[in-house]
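Look at the two complexes coming up: subunit A is in both, with subunit B in one and subunit C in the other.
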Partner chain A sequence: MRTDFGLLLKRFAFSFWFILALVSVGVIVTLILQPESVPDGALRTGGTILMVAAFATFALNFFTTELQPQLGQYILSLLFLFLAGVVLLFFPRQGLVLPNFEGDITPSLVTLSLFFIVAIGSGWVGFLLVKESPALNSQAAVKYFTALSVLVPLAVLAFFIAYTVSEGSAVISWRFISQRSDLLRGTVGIYPAIMGTFWLIIGATLFAVPIGVGAAVFLTEYARRKWIKQLVGITADCLWSTPSIVFGLFGYIFLVPRITGHSTLLAGQIILAAMLLPLTIATSTEALMSVPDEFRSGSLALGSSKWWTIRTVVLPSAIPSIVTGVLLGIGRIAGETAPIMLIAVMSHTSAPNFFSLEAPYFHIGPLFREIDALPYRLYSIYKAGVGGSIQEAWGTAMVLIALVLLFYGLGITVRSYFRRKRGW
Partner chain B sequence: MLNKISINLKLILGLSIVLSLIGFLLIFVLAKSFNIYLFLIAIIGVFLGWIFYEDETAKALLFAASTSAGAILLLIAIFLFIRGFPAFQRDPIFFLSGSTWNVYRDIYSLGPMIWGSLIVTFGATLIAAPMGVGAAIYIGKFAPEWLRSVLKPAIELLAGIPSVVYGFLGFILLNRAIMDYFAIPNMGQFIAPSIILGFMALPTITSVAEDAIDAVPEHLEKGALALGVTEWQAIKEVTLPLASSGITAALILGIGRALGETMAVTMMLGHKTKYPSPLFDIFEPGESLTSLIASQIGEASGQAVDALMGAGLLLFFIVLVLSTTSRIIQSRLQRRFRRG
Partner chain C sequence: MDIKQSDKFESGYSDEVAIEINGLDVYYGEEQAIQNISLDVLRKKVTALIGPSGCGKSTLLRAINRMNDLIDGARVEGEIKVDGQPVYSRDVQVSKLRQKVGQVFQKPNPFPKSIYDNIAFGPRAYRHQLMKSSKQLANMVPNFFKRDGERSPIDGRPMDEVVRDSLEQAALLEEVEDKMHESAMDLSGGQQQRLCIARCLATKPEIILMDEPTSSLDPISAGRIEDLIDDLSRDYTVLIVTHNMQQAARISDYTALLWLGELIEYGETERLFEQPDKELTERYITGRVG
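Right, the complex of A and B next:
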């Protein structure tokens, strides 16, 4: 009987809270739709009431339960407090709005719906969470809040991508990606940047993949001592987490003076390869270790040498996973700006042109010249002051995101395709 | 007889490749020139070796490849040290804790930037740590298998969006929004990059923490469940304590990521190389170590370059310590469960 009473009180507290949440949402909606009709003082009062309600919920939960204190309810109360704080903090100044780029302030559906979702959602969950036993209560609360902490970042990601696409799709056209920007002819395009990024990726992959896969083969097939594996693991990890600007500085003081003395495509390729290398080593090591030992013993039993076994049996069966890892890695380095900023790029250079229709057909000259690259294009538009070429910036950002999504999509497709196909 | 000769030939070939390669690298690194002859000797040697002794040559090449990561790391460390150390040598205490960075008066100290980095990183950790670990618990323990295979790459994608795109979006959306909400006259407050960096560091924390949670043997949790506790109680009492060191490693790695993040911070901070006043005012424009380097290295000359290299060295060293610590914790955790 006593537990039932406590449960009743809790239900009461949550309904109280839920009604208040509804009221606050009403206030917020009114405020956004008709800011003049709500006086400033009313908002402060409303915020204070919300705060008091939060404390009341908190206290009720604390005193009414002879059961254990329950994490979920505390967090809910705190969330409520947070809501009240937001109301108190933001509203005295002006309506809760997101600015669009032109600078005029318009009420935004995003903000509105966000608040609606938070208030209604958490109120509803409050009801759902009240279960017969405290253990189940906290289980439900934790499940909800951990799910929320997956959802929130994904929502942010989706919002960013959607926003970029909605702004950028107006600019993207065949012309935009196949021409270069030219003030005299009045054209806007990012072809040189696309080609620059393309050659950066190609070069980085050509440098990093053989070395990275080779290192992984040595570690998994040849290295006997454990400390060698650990040492390479640690150095690869350190290289992976080295800040990208440090790579840029290193290229600036080490590579640039040793190549031509100014920014070059080659320097950019090498530095990006150094950034791609640790990921290649890590994923290839994992891929090679997952090849079953029976494959190796089978081949060795037939009398083939160790290297022959690696070449014909081990590597081919590990290739899909390696490809996946490399594709994901390329997705990451394609957007790197800080390292190439100092060593490879110059604004408004033309696309590197390796091939020609005449005699040598192939030139290595562009390797030793500056390039333009997509991420740098975006940064240099930002640096020049966004106002003028905001359209171009959104277009570039969208192409960049599309590129990253493409490589991720490819990687994941390869992974799932081969995972289904292989028998072990 | 023939065997002996061939062994000697192998030795000679190997030695000549190794020596010419070492010579080539030394000349490249120290004398800054590309010695084509030594390079050709090494290439031809490898080619010959591949024809006559494929197995041994392959092994040697693979060994060389495995030293590459270490070699690059070592080169970065050495060259940054050579160029960055002079800035520390002059007056290390002032360089690290003074309050002035003034290019016109040639006075350089990193105090405000170190403080700025701390503020931004701290803010980012406040967002990334609870959410990242929460997401790891959900993905690792609560999500059904099909959802898990969707959520994992989706969270990874969050780390894949280029940092310059984050910076641009943050600059256009968040900086403006914060400026308008709080009626602040100038842009580039600390709080904006903190929030964006929180989401950028989150995937690192989630994936490493999820690995740690995954590494805890399932039978331990099953045992608890058999006693009649709820799923969450089993996770709280069994899995999380065992994975706690791995989660710590994840947090350290996340902090390192946030600390080293460059472009987003550079685009969203206000580049004011002074301490905020009051010291904890996150609504004031500022500068971090990374954004200082990124925004000034292009135009710097003389002592300013030294100071920026010093900043790079400091950054490199801190992140190196953080990631090594994290790695050691991780491998200790793995070893523990492999034994047990």
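Right, the complex of A and C next:
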């Protein structure tokens, strides 16, 4: 009796979902083909309906636990939630629909919070249900839910990149990345910012990596006492979690007066190196510790010295992981705006130029001059209205992402090269 | 020739003795792992160390090439002489000692490098030591940019020759001849173990310590290693730890039984297995204890 009723409900819920699915696919296709033809209001209403539906279905399932929900249904509903979120939050071309915190609670705030509540709640309830459900293979359930967790970051990343590219690609051109902005000549370009960020990263890496790897070698291969390792570990953690603006402030008050008294590339490199250092130490320590001890004893038993062992066996085996760690750090510092704002950058400076074709071919002068940097550039275009249009900001963002990806690509190459040699 | 534990050889004899152990105690912190062991290992013979798990076989082995130095809290008392030279005296260069007394481990541990670089590792490390200790210009010139010209600093032969010879001696050359510059990690377990033996031979050792070298291998690979040990005993002194009684009987000339850190019996393998002096030995080799 009860089961029949439940089955009915389920059939109903499922067909409801099915129709909604068709409708929303239609809406999204229309949106992609003819964005202007769909009014924002309709979108928001549609999105809200989708969510309410999702919520209702979940509530239904929640109160009828005996019904043994279908895994596919949950995955489907989560997918719908995701679609609803996309429709609600991102498609209106006028910009984001954000809550107005000054006034009353606006409808958009309601939908927004509803979205997150539903998303989190439904995920949780769904997981519980599937986990408890005897009908389902719980191994499979875990597999699907973990697979879902892979999809989310992938989707977020893909979305970020797609959005940035779609907004920014309009302004990207060879001129844009090879020229500097000049009001008098009417050119628009971010070449100085690219080179500034490039040299910041190079400098910070050159400062941080030798010190960080050196510290890690000492900690893992030489230090006997546990408290030294713990002390350094805690210090590194503290440094890593220190807000970046504090680094900037420190650089501004302590470093800048001791270098030239004004913003310099060098100050930026040093401060970013200080930010990069803790992660380098942590990942290098981890990497060195994971090198099997058999390698060490094998090498020492052949009569080699400790340093030879470290240099020829331990470090090469650890390099892939060290590189990965450093890259994560670079990813972070490349986009830092707060610290360099105080100590290194100035709008509309020219690119640092270390090399020349005449003697002495290499100059250290640029180290002591201001630079421009991509994240700062982005900030100033968007917030302070310096420079050009919003499109330019997206273009800059795109270049910044590309630059970070370039470093990642380099790192992955190095890593796979050593992995191929390693293979344990 | 009959030898007895703790019997000192007369001076005329000492040419035959490769390792001389006198009243050896080894401690890990408070715990004593080796108790007053005296034992002479004869040159160019295979000596097997047998005994139940935890009786100190590995500890004894590590005491000889001073690998115990690497373990925090390990302490060695008593005397070990290799070629009449006390191993634990101040003026011993540990790297020289380990070059002379090679070790093969239980688990094959090739480096994540090419086969060639694995074999050349010992000689290259030796060159590094030379560079540190000598001011001779010839030793300080690294010859890495012409691989053909690289020579082993140990015997001055070309490195290629040393590598091939070592692989040949370890009965591995045929199998790896045309993949010398590929990663050693891609070899099978048995091949890896023979590679480790070859790697150890490349430093021209006199003594090879082996700690259960076949226990992680399949019977066929283990058999090949056993044959190899047999060949090696013509030129090298081999001290091998094994849990496998048949193996000890098959390959060794002398056998020592350790029990709870003490040396129970030591003598020619045949005699020890056929008419053991001690009751404990008999019980152990017939599998009634341990």
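Throughout what follows, the second predicted complex is superposed on the first by the 242 of 424 C-alpha atoms of A that agree within 3 Å, B and C clash if a C-alpha of one lies under 4 Å from a C-alpha of the other, contacts with A are read in each partner's own complex, and residues count from 1 in each chain.
As a convention for this text, contacts are C-beta pairs under 8 Å (C-beta built on N, C-alpha and C of every residue); 3 or more make two chains touch, one makes a residue touch a chain.
Only a predicted model underlies this, so the values are computations on that prediction, with no experimental measurement involved.
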Classify the contacts of A:Y379 with the two partner chains as first (subunit B alone), second (subunit C alone), both, or neither. first
Please indicate which partner A:A162 is in contact with in the superposed arrangement: first for subunit B, second for subunit C, both, or neither. neither
Chain touching more of subunit A, residue-wise (subunit B, subunit C): B
Tell me the contact category for A:E294 with respect to subunit B and subunit C: first, second, both or neither. second
First (subunit B), second (subunit C), both or neither: which does A:Y408 touch? first
Quick check on the superposed pair: does A:S305 touch subunit B, subunit C, both, or neither? Answer first, second, both or neither. both
With the two complexes superposed on chain A, say which partner A:A170 touches: subunit B (first), subunit C (second), both, or neither. neither
Return first, second, both or neither, reflecting whether A:I202 touches subunit B, subunit C, both chains, or no partner chain. neither
Check whether A:I211 is in contact with subunit B, with subunit C, with both or with neither, and answer first, second, both or neither. first
For A:G335, is the partner it touches subunit B (first), subunit C (second), both, or none of the two (neither)? first
In subunit A, both subunit B and subunit C touch residues 305, 308
Of all residues in subunit C, those that touch subunit A in their complex: 65, 67, 70, 72, 94-99, 102-103, 105, 107, 109-114, 121-122, 124-126, 128-129, 132, 183, 185-186, 196, 199-200, 203
Along subunit B, where are the residues that touch subunit A in the complex? 28-29, 32-34, 54-55, 58-59, 61-70, 72-73, 75-76, 79-80, 83, 130-135, 137-139, 142-143, 151, 153-169, 171-173, 176-177, 180-183, 199, 202-203, 229-233, 235, 253, 256-257, 259-263, 267, 290, 293-294, 297-298, 308-309, 312, 315-316, 319-320, 322-324, 326-328, 331
As the complex stands, subunit A meets subunit B at residues 90, 93-94, 96-99, 101, 103, 105, 135-136, 138-139, 142-143, 145-150, 152-154, 156-157, 160-161, 163-164, 210-215, 217-219, 221-223, 228, 230-250, 252-254, 257-258, 274, 277-278, 281, 305-308, 310, 328, 331-332, 334-338, 341-342, 375, 378-379, 382, 386, 393, 397, 400-401, 404-405, 408, 412
Tell me, which parts of subunit A touch subunit C in their complex? 224, 292, 294-305, 308, 312-313, 316-317, 420-424
